[in-house]
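Multiple structures follow.
Each of the next two complexes has subunit A plus one other chain: subunit B in the first, subunit C in the second.
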Partner chain A sequence: MLKKITVFILLVLLTGFLVGCWSREEITQIAIILGTGVDWTADGRIRLTVQIAKPGSFAGGAEGGGKGREPASWAVSAEGKSIEEAERYLAMRVPRDIYWGHCITLVIGEEMAKKGTRIVTSFFLRDREPRETMWVMVAKGEAKDVLETHSNLEKTSAQAAGLLERMKTGYSVQLREFAEMLASKGVQPVVTRVEVKEAGVTPGSEQEKKSPAHKQVEITGVGVFKEDKLIGWLDAEKTRGLMWLKGEPMEGVITVPSPGEPDKEVSILIRRGKTKIVPKYDGKSLRFDVKIDMEGDMVEQQSLEDLAKPEKIKFLESGMAEEIKRRCNLALKKAQKEYAVDIFGFGNAFHRKYKKEWRELKDRWDDVFRQAEVNITVAARVRVIGLSTKRADVPEK
Partner chain B sequence: MIGFRKPIRAKTLGRGSQKSQGNIEGGALSSVSLKNLVLSPDLETNLRQIKTILDRCSDVVYREFVFAQNEEIRLALIYTDGLADKVQVSDQIMKALALEVAMAAPGQEITKARALEFIKQRGLCIHQIKETNKVEDIIDAILSGDTVLLVDGHATAIINGARGFETRSISDPEAEPTVRGSRESFIESLRVNTSLIRRKIKSPNLKIESMKLGEVTATDVAIAYIEGIANDKLVAEVKNRLGRIKVDAILESGYLEELIEDNPFSPFPTVNHTEKPDRVAAMLLEGRVAIVVDGTPFVLTVPNLFIEYLQAPEDYYERFIFATAVRVIRFLSMIISLVLPSLYIAVVSFHHEIFPTTLLLNVAAQREAVPFPVFIEVMIMEMTFEILREAGIRLPRPIGQAVSIVGALVIGEAAVRAGLVAAATVIVVAFTGIASFTFAYSASIAFRLLRFTLMVLSATLGLFGLVSGLAIIAIHLCTLRSFGVPYLSPLVPTIGADLKDVILRAPWWAMFSRPRLIARQEQIRLEQGLKPSPPETRPKGKG
Partner chain C sequence: MLEQGKIDSKQAIMLMLSTILPTAILTVPAVTAKSARQDSWMSIMIATTVGLLIARLVVVLGLRFPGKTLFEYAEEILGKVPGKIVGLLYIWLFFLYIGSGVIREYGVFMVTAIMPDTPIIVFHIVGVAVVAYMVRNGLEVLSRFNQLTIPTTGLLAIVFILSTKDMKLARLLPVFDAGPLPIVKGSVAPAMWLGEIVTFAMIIPYLIRPREAHRVATLSILLCSFFLTMSILEALLIFGPNVTGHWIFPAFNAVRVVSIANFLERLESVIMVIFMLGGFVKLGVFYYAAVLGSAQWLGLKDYRPLVLPVGVILVALSIPLWGENIVEVLHFIGQVYAPFALIVLEVGIPLLLLIVSLTKGKGGESDA
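Our next item is the complex of A and B:
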């Protein structure tokens, strides 16, 4: 017994020499990358820009507060023939281990996007550290400029951009979704477009007045891709139409004229909705019936009239449906006629219904789609109009 | 100590009046030497014999006097000063025999031959008397606090139960305080302790069997169980294990615990102890066996299951919803006290991905100035905490608390300010420390030890090491048994009916059965349908 125990203890002790704290990295040894950007330089090389968090600036409490306006991040670039090569060059400038695990945003420069994004995504999808949930964006201009900005509200511009994406005010794409869109023949990728714009200056603050106008990242629509190459843009209004046609997310505000007083407006906030794409194909002509169901609540009313009448609500609903249809059509026309790419996923819907035909059509799908007829029908409903117009102080008519 | 297995001079005293310095030294230690030694009819011989055995015991008092009605009858009282109740001895024994017998039975002629019988029947005013002719019993009685009366001409002694030594009064339980429930705690006297149990369970089935353990100390030990509820085999096993014990001394129940536990090398205790009589009563009613040891307020209970550490006496006194909620907290604290520091080490030094980004940046900011790897840092703080805790217990009470609080604050605060440790580490260590006090103390010791092991594993292998460590602990717990009952039952093996008292504390009207593996089979605790409900009709004002 004693011998057994001794042997066991010795074995346990000896295992201590076998382990080497493999992959142990103290937090103080890593450079936490929050955002990264990839540009295609004029001389045909890849420029990798990373935004590294400066941990000292993130300290909370009394000690950390004194840092003031010193930026919390450090943007640094390196060039190379590939991203991995650029990263190695970067490692010569960054004194810590480059750590991708918390990279929030991947910004692709305009030139790079035109050159082709597969060059970029390959690294981020293969390497074990970057997450597939990072937000992908296309910069109008250079990605480097986007990463060199600072946020007024958040600590770093990468975090700010990530939060903007998470709000889904524009069409947000994660790396995983982007890769899926790249892999599918039934849909062409769209990616959030970001721009560097001058942010509004806070009135009254002395410091703000002295400092130069602050540059910030803003979401301005989407970039449209054919395969992995950027071919054009959609602005914010058309982006909303794109989102409704894709059926995700069904959000937004519709402003329609008030039924009784056409010069005054009524705002309807979309609460939920559903998009259904029904392809019709007889061998020659291809038609898509798109049915959009929308439900919204009235959240703002400029007029004083009582809207709680069936015909007035009908009027609102038809106005809402018209507006939704108009914006969807805007996006559709632009994509179908100008860019000739199916960014809405009509191909996937077709694939689901006509599996055999899809095999023949899939390789020239964008051509087929260009000639397809798309009918959009919108059924809109206003659920809540509120009680404010029935208040005691509002004279009844 | 001195050869309790093989009494070196076992026979010397038995040879009669032969006495030497040597045989007393050895003889006093070995009770074997007193065996077979009996009294003689001659008082002088007897006294000499006892005085020889109790040589140089200055606290033993010998009082010789004569019987009131017949001065030829010589009597001798022997007792230990301080252990016997002096008032009883002088009033009920000496005064009665030396003075008052004459008044009670005037004119009766008592012969030497009748003396013993008469004294027993009429002379002594003592509740508890016992006759014996064995020297061994006499010595034992004297040293236990009883008073021995020797009567000339008789080879029989009367042992008078007139014990009266100083004991602590019953006070609040210090190690297991409760808000609701009984405030009594056991004390150091075995008799008082058994009376406290008996007061809770007034059943003839509550059996309290006593024995003496320890060759030198001759400590009184009592086994308590409820016949008909406790498993007979369990009782037999307890007796068997206790009977095996041959040690020189039992000074605390901890001695017994180590001598009867199932797995001496396990960090987990397989014998529970408590200082609360209500808890012991509850244990007995579940079919457990209690071992009461003289000289300690801690009573052992067996078998001991792991879940007992999550159960506090209060759980059963508070309403069951609240009790269940508190148990969930206790369960979480148990997990926290075991894994939190190692989890922190693993995540900070291996798996930064687990942190949400903002938290990672926050932790990174705190650790920026810290010169040590996180393992060293946590180790330093854990050691500091353990040292402070130990100091807090050992220090004299008035300064103890102040020192521990000030020490913790000063060390914690100053270390963070100096940048030697991160604030997050202090939070982790402090939280772990506090969490470890939410459940039974004896289990928290085991968890403290294992926590350090897990910390080393985490520091070398990350979460993989932590999970491996936890797996080993889980396997070990599954193999443990306490007096034949699986340690993790009713969880492993799962016993559905007994799950009512693990995390969930079922309401009392649903506690139908006793623990299946502990008590005898098919034990019904209460009748079905005791769930209270409001009456059908509203009670009227009158009638």
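Our next item is the complex of A and C:
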């Protein structure tokens, strides 16, 4: 009997452990942050902007035809001496618990990036909620403006920016990769540049009288860093060169002159490729042999000639190689001569081959890199030419 | 004998796997990667060699004294008083220390990574309460529970495969970058963890087929080192050596990175499951060894009355023994306790016991 009573009392006491989480947060009590931006204000404070999801607007399912959509997010900012302090000020405005776990994008304002990004990254790497996989971007202008736009296709601009990154339309960087670049002496960071630009209009009955230009986030190249400070930009064209030299992602479109009619263009869609960097060092001079293997499809021609001939394809391939080499050299020149930073990871390639020499050179690597000779050789292949051989819309001669 | 239960060789292998692995995958990668960087896998190889030697040592010693645990044959070899001193050293500095260390690591992990608002002592008390029940029921129950939960370790392999997308082999290059010294330094912590196979000395007498003890110990070490290598490599291949060394729980961060098709992601609960279930068993083994050892040391007829007091001691020690804050805990594990335990408790004393027993001709029937 006594045993039974003891067991009963113990069981009742044990239920105390079953009530669930210590500090539970219901979904209706948390503010889910989708994107965040950090700016450095004119008076030297940190401004944290967050884009908070409004779960109600997500729930609706398919949107009704002509009905105007309610914005699905709310962007709000606060200032403070540090990110956490700014977050506390935010908490006074946001009536829910701020939750970082679903934050997709981290936008760093231009001034903040110039001041130093290590001020920003620490919080996001140390705190347990933000994830290492969030996309990092640097804004041309203020990060606040980026987060205050809305997307026409996606629910929120943070999601749209995240999707743009995930599709690798430009050079995209996750927080963990950014941290890795910041922590490495063999490569300097590059981060996707985003800008708010006018992007089309929203057609529809309400806008018929005067279609306002729709402003949206756009990826426009990369920001170049020395250590953690932004020192310049590469435009979209040079960014391709950068990506090809870094070895990923390789996809992209280039146009080359048509073999028979050089004033007309042929578009080639690059499907895949591989980059190999071979350093050569003899104690004094440093040379890098970069071998790029590319494979692409011909997708468009402006010229009227028949390109479905082996020798013409050969010609296209050499044109393709030329163009890729030109773009790589553009990016390389800019990095070597203007910014004097190794954003390609040549340092890491050097480290892999010459570990002893690296120990002497690593602390003045950017200087060494600036004087290094880089030979780029490109082997390009065209494998697929689409669905037609000769143009289907040109009459036989 | 105090313990009536018997376990078979398979159960013993699984039990040893849980004795070593759960905290190892969480704590060791950071300690090792900090000094050996991208060559951490070499550190693990060195540690494995050391672990295999320790396993050999422990089993040879154990088989010379069939049916006796570490505490019993220590007295037989060294004589009553020195034997008691050695026994006390093991109870205090090994089983209680590591037992409370497991509790602490478990609490620190929960508070840092999962539930920051809960006071750490809650995790300590709840954890020990559950394990106390298991220990009270003896070795067989512990082994059966472990048999039930050990398959979760396989999730480590699955997570590894899922994260290959984010891995780059180039992050392991150049090989042998920093020279031999950092690699050896980095191997101390994993060697100490693999050296926890010393606990096997408490279990050998309860094997159904003690002749298989060598096989059990060797296989346990190899399996542990396999999973340990995997979790270190996973972190290194995802983050590279610079970042890996600066996470507190690299394996945890590595799991967070996994994202398959924007759908299969946020898998950190996987590592939590492995660590929590395994952590219970690990704590159970050390708790059990401490209780059984104390009973043998005191010459009791039953070890069960000691379960509760030892549990209270474990909880009480978990905070002061390992440091006030996480920085002290990590420093103490890596810089102080690991080298000490490895040299003195895992290699030194067993070796001494073996040498003395050989010279004195005690034990004898080493037919294994």
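Structural remarks
Basically, the second predicted complex is superposed on the first by the 349 of 397 C-alpha atoms of A that agree within 3 Å, B and C clash if a C-alpha of one lies under 4 Å from a C-alpha of the other, contacts with A are read in each partner's own complex, and residues count from 1 in each chain.
Just so it is clear, contacts are C-beta pairs under 8 Å (C-beta built on N, C-alpha and C of every residue); 3 or more make two chains touch, one makes a residue touch a chain.
Note that the coordinates shown come from a computational prediction; the quantities given were computed from them, not determined experimentally.
Three-chain overlay on subunit A, with subunit B and subunit C fitting side by side and no clash.
When the two structures are aligned on the shared chain, A:329 is found in touch with neither subunit B nor subunit C. Legend: residue contacts after superposition of the two complexes on their common chain; A:23 is shown touching both subunit B and subunit C.
Touch criterion met: A:53 reaches subunit B, while subunit C stays clear of it. By the touch criterion defined above, A:184 lies against subunit C but remains apart from subunit B after alignment on the C-alpha atoms of chain A. Judged by the touch definition given at the top, the superposed model places A:318 against neither subunit B nor subunit C. By the touch criterion stated above, A:176 is placed in contact with subunit C alone, subunit B being left untouched.
Rounded in steps of 10, the angle subunit B-subunit A-subunit C defined by Cα centres in the superposition reads 50°. When the two structures are aligned on the shared chain, A:122 is found in touch with neither subunit B nor subunit C. In the superposed pair of complexes, A:41 makes contact with neither subunit B nor subunit C.
Taking subunit A as the reference chain, the count of touched residues is higher for B when subunit B and subunit C are set side by side.
Once the two complexes are overlaid on the shared chain, A:132 sits against subunit C while remaining clear of subunit B. Of all Cα pairs spanning subunit B and subunit C in the superposition, the closest are 5 Å apart.
When the two complexes are laid over each other on chain A, subunit A has residues 21-23, 131 in contact with both subunit B and subunit C. By the touch rule above, subunit C contacts subunit A in their complex via residues 112-118, 122, 126, 170, 173-174, 176-177, 238-240, 242-243, 246, 253, 256-257, 259, 262, 265. Across the complex, subunit A meets subunit B through its residues 5, 16, 19, 21-28, 30, 32, 34, 53, 55-61, 64, 99, 101-102, 104, 131, 155, 159. Interface of subunit B with subunit A (complex): residues 265, 348-350, 352-353, 355, 357-358, 360-368, 370, 373-374, 423, 459-462, 465. Residue ranges of subunit A in contact with subunit C, taken from their complex: 17, 21-23, 128, 131-133, 166, 176, 179-180, 183-184, 348, 351-353, 355.
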